[in-house]
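In the two complexes below, chain A is the common chain; its partner is chain B in one and chain C in the other.
Moving on to the complex of A and B:
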């Protein structure tokens, strides 16, 4: 099976997860006491008093005075910091905000105790939506921010108004994207253990970035970072929700230290829906200017992102509005662009990045723009895209992002073929004459992935992620261990890195052990998020492997009396090219440790190498196409077909790649049609169970057909591009464009997602052309 | 709740008796996890929607979070820990491994038990029925594509 790269190798991660031997946080509580948070039932108000009956161990902000508030920072003039006490202090700002914590011997006792804590809150006026929050005179969520605007970023090229006034066609529309919860099936949680002997505290937590959590815990708790260890066991999904710091994790660590014991916090589903992180609550106003040939000349966009009550650490609440501003142009070639993108604080649960971050919504906006314009010009949606997609690389966008080579037009053409566009149009026409409404929707997009420090620095982040380091060691028996700061949790990185390393070192992937998720055992790194791990940790693994390979070749060349450049390392042997002379890699390993006197002068014993990789980033691309049938009577949508043509560069393990796309597309369909977090006007959350917030089941998900293009990336050393988020980025636009296409005869336009049955039914009944 | 209100229950799990002393309000899922130490049964919602806690009770797939331990005396309970035969994976487990039917693995025990209970009674399911049954549980990672493929393959292997 050489090379291992490109093989659909079954995952090394799987056997324990299949047999019930997986170990998630809730499986590791042992003898720990249990925490239960007392949460605010009020969206905005002044805390008058908190009373706990005698006999209950409870802590409030008063007890945690020495803990610093979470204060995420961007160093830019259009950003104004806000801070979050880990337990609400003086004021509460959203329903579900932790105001106190109780400690008890069992989860049941902790829940009973929490219900006996009486929190007296004097409610004040609140704001729930972003448009409401920026109205003059709206209540201020944070006293020092009277207009509730946390980020107000603008970008403008020259001649915007001029281009619009000279345009042949101007398309303008509003778009509202409702709020989602990333909804990992395992909610959040942690176990904090204080060890009185060493004075150290170990936080075992369901998170995506163990080293970052260690640093911020040390900062907030005011303790030496070396007294902290963060361990990440099996993680039951995260999708961004476990990337940003949970205030509850800070409290859990604090209680363990205060009581000099072990305590655990296991979030339940209601808490997760109410108080973890949300995302995608955006209001857009978009205008596009086209010339007479349907070429897009300019875009003018006003983007309003509801960031909730607090800013998330480390990325800050700038993550959605700033990404939306920079990446809005997507894969289309136009030079004139004006955008204002605001992040607005409200009395709702805080926002954090969720798979795709802003891109599912900005892609939906650009793809709606293309479809609306196609209707105006009377041309096929595929045709207007063909005229406007970027074709020359590297391409620098209006905002200065540089796209490496991709296959934008090719992916579209391939998708048109795969779906059978002409046949579909014929079937659609036939169905319409029978009173049935079929539609087709395209979505072409770029997915910026694997970006390192330079990309994050461009956002002026106080905490600037980017690089990854891999420590690699071959032991005397020839087995390999790779230790990394990336922190995979379902992405299959243990397998794909073993494939990469195995090829370079001539060992079977099964002999490569990947160590991650333990700050005591791994080099400092940033974790797993932003479709980065295979590109960046993979790049570092490749570089470290090259160094180790060079040392193996040097040792082999001395043993075999050949030039190092003539040594070929493959399938467990180092051989001299073109001869039968060779030596087992395992024998070289043994020699490097046990017979170091035979190594060349100046060569250190042992086989270890370390490398860091920090690329600028690479753009994957894809075209999604969906066909749907809409029932105008019920507003129900059935997705009949879903085709993905994906280009993520070199595929290391195609089976894992397809799995990422399947899951991503399903989350995108969920955002288009089903999932939404709802608040009432008083800021009470209405969707606190899985009977209200509706993730799709297999009954709602069609067969997802995947086709691959492989434009080998010059921007990464493995040739691979990231693809963890693409499915989620592209799917909403394909589905919504298909629904809009289906309902076009009824004069319906879709300005709000998810396009739920009640929303579609209302649009149809309000339209002038009510079906017969 | 105090010690006085607890009751003694003997559960038969994976062919072994477990004598436990639980409050009447304790769910079967919590009892399996915390009193029997069988943490392969996962809790995703604790209100009967996600199905991560699906186990077999007298051969039927049930939500362990919707049953009380005190209801289950005398039932034959089976959890994911009982599926493999020593080191040999059950055909359903093997099919999930071969077909990448899991990613984070959190929902997996529930899907395995759902499929095991179903296929034992319906060895030759048609596609629509299989889709309907597998829509009982939630998975957030796989988009269900490879779960469906895995169960389809397992059914074939088990029939052979």
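Moving on to the complex of A and C:
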């Protein structure tokens, strides 16, 4: 199997996971004591007192005075910082906020102890929704922010009003996206061990970014990073929820140091649904101006994002509103754009990035705009997209983002063919005459991936992520170890990087070990998030492999008495091109360590190489199409077919790519039809079990049909683009457009997701033409 | 409960004592001793999650899983006798010939997921009295009679009046439900069962079970039972009456479904309002009647 790139190798990660050999935080508690957090039952209030009975070990904010509050920061004038104490101090700001922690020998005893802690809170007025929070006179969640606005960003090109008044057609609509929880199968958790001999503390945690966690722990606890080690074992899903700092992890590390022992915190599902992180609670008002040929001229958008009670570290609560502002135009070519995007604090669980971040919602908004306009012009949804998609590259958007080469129109055309649009329209018409409602929905989008320091610096983050470093070493037996700061947790990166490295060094991927998730063993890096690891860590691995390959070629050229440029390294051998002369790579490795006297003068012994990669970023693209049947009497929706035409550049392992898409699309269908976190008017969360928060199961998700395009752009050195989030970004728009298409004869428009059965049924009943 | 007096996040049960019963008599003795403090553990598919959330905090669990004497199905003339410990999965294939067995099979496939059907019990479901439980609706539809044992002997209870409100029945704390007797439907009876849930295996937002005899296209002995729409399973008595003697047509089914939707006292929750549940009753009742006549 040469080259290794492009092979659907089974994942090296799977055998241990599938045979019960996986090791997650909850498997690693050993003889640790257990922590249990006492959480606020009140959305907003003043803490009057906290009392623990005799014999219970409990800590409160009073005990943690030396711990600094979490203070995520953007250096921009339209951002106002807010602080979060790791345990609530004086005030509570959402139901589920940790106010105290107890320590006990078992999880059961810890729960019994937590129940006995008496927390007296004097409730005050609270705000739950974003529109409510910006109303004059609304209660302030943070005393220094009277209007509750944390981010208020604007962008405006010239002539917006002029273009709108001259437009042939103006489409305007509202869109409400309900709040989701990323719902990793394994909830959060950590084990903190204080070692009295070295004075060091090791935090074994279910996180996405071990070095960032080490940095922030050191900052908040006031200690040098070298006294901390962060280890990430197997992680049962994260999806962004474990990228931002859990205040509970800070408390866990603090308790271990305070008691000079080992303690663990294992979050349960109820805590996770209530008080980890939520996402995507947005209200949009959108206008689009079109010329007489259905070409989009301008967009005017007002975006309001509920960011919850606190800002998340390190990306801050600006991540949703600012991404929505910058990336709203998506794959469409228009130059006139006005947007105001606000992040508003409320007495609800804080927000953090979740797979796709704002893009599932902004893609839904742009794709609704296209479909609503297509209806006004009386043309097919595919046709209006064809007229408006970008076709020339590199393309600079209205907000200045530069798109590398993609296949936007091609992906749409392939999707139209794959779904059989004409046949579908015929079936749809026939079904309607029988009183059945079928619909089809398209979603074309760009996915910004693999962006490095320059892109993050543009956000003015106090902590600016971006690059990745890979340390590579071939040992004397010819096996390779790659150590990286990226922190894969289900993406299959151990396999894909082994393919990339094996390809360059002429060794089988099974002989390449990827080491990650341990700050004592790996170079500083930013972890795995934002569809970056294959592009950036993969680029660094490629660069380091090139350096190591050059050294192998140099040693081989001396041994084989040939010019270095004539050396071919492949399938475990270095040979002289066009001859039978050759030497095993493993023999070169042994020579480099054990016979260094034979190396050329000035050449260091051993085989190691280090490289860092920090690209500007690349856009992958895709078209999703869904067909659905809606039951207007119950409001039930069945997704019949789901087609993805994906272009993520060069595929390193196509099977892993397909797996990413299957999972992503399923989470997108979840957002379109099933999952929503609900609060009552008093800020009590109503969805704290999986009886109420409803991820779809295999029974609700159709077979996902995947087609690939491979546009190789110059933006990355491997030719690969990221695609970790695309499934989730594109699917909601495809499903919702299909539902809207199905119900169009009933005069129904959808302005809220998820489109649950009760919402759809209400829309149908409210429409004048109830089916007979 | 005053604000600040409880902790809203717990996932392990509060402490409890556990007794494994080796006979019905022993189980009943425990119930007599502990009264309201005791809970009977049958399949545990509802009780154990409720305990983990600390919504249920029994001081004592009386485990009746060892009681093979309650795991039986017997045909007794025109009556099907179901021991309280018969597991849901048993009904996935017809346990008796004719419409009664068919109806039980239709309903069984909607009960939770396979692991739940393997553990959960018929008697446990009736005693738990979830308003969206399939067996409660079927028992009501078929006019079941229930038997209990208690320290003072035991009694027979007609199903009408047994379900009082959510998770509340006519059972006294020292009573153990031991048997349900279902009068079998006549062989001429047609049956239908329809439900709507958010996902496969979820509790239904509404369900309709119907049975009626059809003689030359005329409806007789019409029964309609509804679940998931109120605080307990309901019979749609007015709709049943409206259907009686009518021709089995789309119009009469539609009219009966409309009456059913209006006569019930529907309740709302986060998954759907009371009005939405009426809409579901209207659709599902009509579909169950159509399903019955089409079979």
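Worth a mention:
As a working rule, the second predicted complex is superposed on the first by the 772 of 772 C-alpha atoms of A that agree within 3 Å, B and C clash if a C-alpha of one lies under 4 Å from a C-alpha of the other, contacts with A are read in each partner's own complex, and residues count from 1 in each chain.
In this section, a contact is a pair of C-beta atoms (placed from the backbone, for glycine too) under 8 Å apart; a residue touches a chain by one contact, two chains touch by 3 or more.
Everything numeric in this text was worked out from a predicted model, so none of it was measured.
Aligning the shared chain A places chain B and chain C next to each other free of steric conflict. Using C-alpha centres, the superposed arrangement gives chain A a vertex angle toward chain B and chain C of 40 degrees, stated as a multiple of 10. Contacts of A:188 after superposition on the shared chain: neither chain B nor chain C is touched.
After overlaying the two complexes on the shared chain, residue contacts for A:762 are found with chain C alone; chain B is out of touch. Of the two partner chains placed by the overlay, only chain B lies in contact with A:237; chain C stays clear of it. Once chain A of one complex is fitted onto chain A of the other, the partner contacts of A:112 extend to both chain B and chain C. By the touch criterion stated above, A:21 is placed in contact with chain B alone, chain C being left untouched.
In the superposition on chain A, A:689 makes contact with both chain B and chain C. By the touch criterion stated above, A:697 is placed in contact with chain B and with chain C alike.
Contact with both chain B and chain C is seen for A:268 once the two complexes are overlaid on the shared chain.
When the two structures are aligned on the shared chain, A:80 is found in touch with neither chain B nor chain C.
Chain B and chain C never share a C-alpha pair closer than 5 Å once the two structures are laid over each other.
Comparing the two complexes, residues 107-108, 112, 268-269, 689, 691, 697, 699-700 of chain A contact chain B in one case and chain C in the other.
Residues of chain A touching chain B in their complex: 8, 10-11, 13-15, 17-24, 26-27, 107-109, 112, 183-187, 234-237, 239, 268-269, 489-492, 655-656, 658-659, 662-667, 689-691, 695, 697-701, 703-704, 727. Every residue of chain A that touches chain C in the complex is listed here, in rising order: 37-39, 41-42, 45, 95-96, 107-108, 111-112, 114-115, 117-121, 123, 268-271, 274-275, 631, 633-636, 674, 678, 686-689, 691-692, 694, 696-697, 699-700, 756-758, 761-762, 765. Contact residues of chain C toward chain A in the complex are 3-15, 53-54, 196, 198-203, 205, 270-273, 275-276, 279-280, 282-284.
On the chain B side of its complex with chain A, the touching residues are 1, 23, 25-26, 30, 33, 38-47, 49-50, 52, 79-81, 83-84, 89, 93, 96-98, 100, 102-109, 112, 131-132, 134-148.
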